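Note that the chains take the letters A, B and C in the order they are written out, and that residue 1 is the start of every chain.
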Amino acid sequence: MRDYFLKFWEGLYTIMIGMKVTFRHLFVPSVTIQYPTVKPQLPERERNRLYVNMDDCIGCDQCSRACPVSCIEIETVKSTPGDDLGKTSNGKKKALWVTKFDIDFAKCCYCELCVPPCPTDCIYMTDVYEFSEFERDSLLYDFATLTQEEREIKKKNFKEFQVKKEAEKAAAAKKAAEAKAAAQKEKPNAKTDKPTDDKKGTD
Amino acid sequence: MIYEWLYNITGSSILSMFVVSLLPLFVFILPFALLAVLAERKVSAHMQDRLGPMRVGYHGILQTVADIIKLLQKEDLVPAATDKKLFNFAPLLVFAGSYAVFAAIPFSSIFIGSQIQLGIIYIVAVTGLVVAGILMAGWASNNKYSLLGAMRSAAQIISYEIPTLLIILTIIMITGTLSLYTLSELQTSYFWNWMILGGPATGLQKILYIPLMIIGCLVIYISTLAEVNRTPFDIPEAESELVSGYHTEYSGMKFAMFFLAEYANMFAVSAIVAIIFFGGYQSPFGYLGNAIGLHWLVPIEQFFWFTAKGLFFVFVQMWLRWTLPRFRVDQLMAFCWKYLIPISFVILLLAGLISLI
Amino acid sequence: MALKTEEMVLNMGPQHPSTHGVLRLELQLEGEIIKDVIPHIGYLHRCFEKHSEAMTYPQVIPYTDRMDYLASMYNEFGYALAMERLMGIEVPERVEYIRVIMGELQRIASHLVALGTYGADIGAFTPFLFCFRDRERILHLFEITCGARLLYNYIWIGGLSNDLHPDFIRLTKEFIKDFKPNLKELNDLLSFNAIFIERTADVGILPLETAINYGVTGPNLRASGMKWDLRKDDPYSVYNKFDYEIPVGSGEKGKIGDCWDRYFIRVREMEESLKIIEQAIEQIPDGDVKSAIPKRVKPPEGQIYTRVENPRGELGYFIISDGSLNPSRVKVRAPSFVTMQVFPELCKGFMVADVVAILGSIDIVLGEIDR
């Protein structure tokens, strides 16, 4: 009998305690904010949409290979000797035309693995998070600064240059075979090969 | 009375009856439901350190209106495998049940839809319609979750009517009236005449009644809470178990009718508690209208007090809902049969003995 | 004459508000009494283990985040630990301390979700939002440190992606100060509420014998009365430098190993985690968090099994290396997966409403079960 009333009383009492807690919270200021009109201040390390500063990009493909979901696609074309590509802000000489730099944000997992390998710190994460789209294709961002025509021209230039070089090389080889004394003539070729993918990948 | 007044103007009893019967719906139930839904959301939000609806109107005042418009526009979906007739009829029945209750509720001394002599019994009886509606909805939906919800609901409402009735019987025994109007008039003038403080009885009898009435009030409040399926007794809807119980398959306006009925019921049971124990429409400390000699002010004041009392109990219902977890179905039954019914029996017995003094 | 009855099959999920993700339960009911439960898993399978074989070692880390998405830090912790043991990397002291702080904060965050959603399962919605309010503060701490709120990619092989934010220590201390009264409030509102106790005590009892036979670990095992915690019993990182208790189930409100015990063990573990964080913050040494990160992760040929005490139990990584840049095999021992197996045993004879209560109390994460 005592247990019966004790249980009833305990039920009432604990309910009262709970009600006290909720009543107190009626007067506690809200912790939520009115999102689209009020926006929170995001911390500086925020990891949201990627941005690529193409002025600094040397087309080394490091970020693309670090990406676990392969959302970065880069295509480069070697420059021909006459081209002036300028320098990056930290003094590296650019040697490749970046004809394609696509990031597919539908695939991106915002892990920031692509940022540390970049030798020129040109790819980084910003605090932009409102970029939803109706079409999946609209999430494919093209960062390359060259226009389509320019890209074609660069590719064509390189092909012509290569053809020319092939011809030169053939001529040189012929000469070498004839002269049998100029094996070191092929050094200039190695110089143009310097900033290619294989070279960078092994450091 | 409003009916007589209308009858004098129009000369047609049918027309005036019609208008009077519609009054509670448009004057009270709809605006109340609109406000109560908003209040529920606001109260819950502030209890949880949130803001609640803020967009439509100042602090979201028009949110429910927007919701109603949305519900009206929605396609009226009827799943293929349902029992169409019952499926369409159930929301009407549930709504009719909760709406009919308002016919007998005395909002003020001149505004009673129908002054039935058997007021209390009528209300308890007509609430039974809701059970039929819920069972119908659950069965017709042809959904196992809905069926479980409906079966739970039927069992729950029927068993919780027993303690409600026993407490009401106690009150009937003390006051000797079944009419809600007479009951309210009995508790007139000051708050110490309210039933919770012993009613119009005097001397030793009154002192002995007070503890009984307080416990009785608690019992009737708990059991009416169960009758309208509110937390901690919301097991027919129990969203974490049964998705949303008997109205899982309903959408659009039919769903809105269940929703409206739920909120109308919330007020109806609060009103019953207010009438039986807290003096109905009577003011706790005299009327301003009487004091300054404006007698037409009195009914308006009465209406105010009645609504205020009703809304207070509705607020307590919401407060409980956002505080407590819910019972399991067998515990719910055990609570009713092991605690509420014996306690209300004892109250009935003791009240009977005390009334002999 | 006996009435002819038949069992009702109720399909619960994968779209159900309280199956904690995309779990499908096939309930065989007699009225509302459970005769049998058949869990169907695999709706969230993302081939983590196979996927890892195509990744280089550092690239696996973002994938480990996505297994138990409520305890990402701890998944990374376990993986990094396994790789460091495989490669024999000595990690700076500061890194170890930061990892412990992050791990324990993650444990609190994960338990908060478990408790909050458990309250919601039982029908009390307010504690749920109170828990999420506090969890939000922890997520903010993670956000200022590594920039992400859920999938951190913070603990790297041999180090960390970032050092602590300058404000981190101050904010953590503030959080601990504010969180203690909130924990008491949670107890007032939910843990000791008579209805809550009524719903959870004596429900879904997991006897110690069964728990061990099924290989249940973590809070669920401890609630059944076994003092088994890898932080003490198989110490890793710097856990042996702190003073803290391992709470075990007491059967205070019902029998040992019931839902209430499993619930309350998590409340008490949060208190212990707070102790660890407080001590770690006091003792944290200076140092460079990136100094030990290898330039190229190319472990020697071999294999390793490493286990850590995840908020849900023993999280084990079995990694086979063939000496190349990609793992040859990564196998994860997921605590939720193991716990899920004992679930049908717990449910038999209880009611539909109890299935929800039991499922909430074993605190599973479908991302980890299906991987």
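In this text, a residue touches a chain if its C-beta (ideal position, glycine included) is under 8 Å from a C-beta of that chain, and two chains touch if they have at least 3 such contacts.
Values in this document were obtained by computation on a predicted structure and should not be read as measured data.
On a Cα centroid basis, the chain most remote from chain B in this structure is A. Two chain pairs, A-C and A-B, are compared here, and A-C has more C-beta pairs in contact (counted per touch definition above). Here the spacing of chain B and chain C, counted between their Cα centres, is 45 Å. Distance between chain A and chain C, defined via averaged C-alpha coordinates, is recorded as 32 Å.
Averaging C-alpha coordinates per chain places the centre of chain A 62 Å away from that of chain B.
Residue positions of chain A touching 2 or more other chains, listed in rising order: 15, 18, 21-22, 25, 31.
The set of chain C residues that touch two or more partner chains comprises 126, 133, 189-190, 193, 195. Shared interface positions of chain B, defined as residues touching 2 or more other chains, are 47-50, 322-324. Across the interface of their complex, chain A is touched by residues 55, 58-63, 65, 126, 133, 136, 143-148, 151, 153, 161-162, 165, 185, 188-190, 192-195 of chain C. For chain A in complex with chain B, the residues that touch the partner chain are 8, 15, 18-19, 21-23, 25-32, 34. Of all residues in chain B, those touching chain C in their complex are 44, 47-50, 144-145, 148, 231-232, 234-235, 238-243, 322-331. For chain C in complex with chain B, the touching residues are 8, 10, 16-18, 32, 119-126, 129-130, 133, 189-190, 193, 195-196, 198-199, 351-356. Interface residues of chain B facing chain A in the complex, by the touch rule stated above, are 43, 45-51, 54, 319-320, 322-324, 339.
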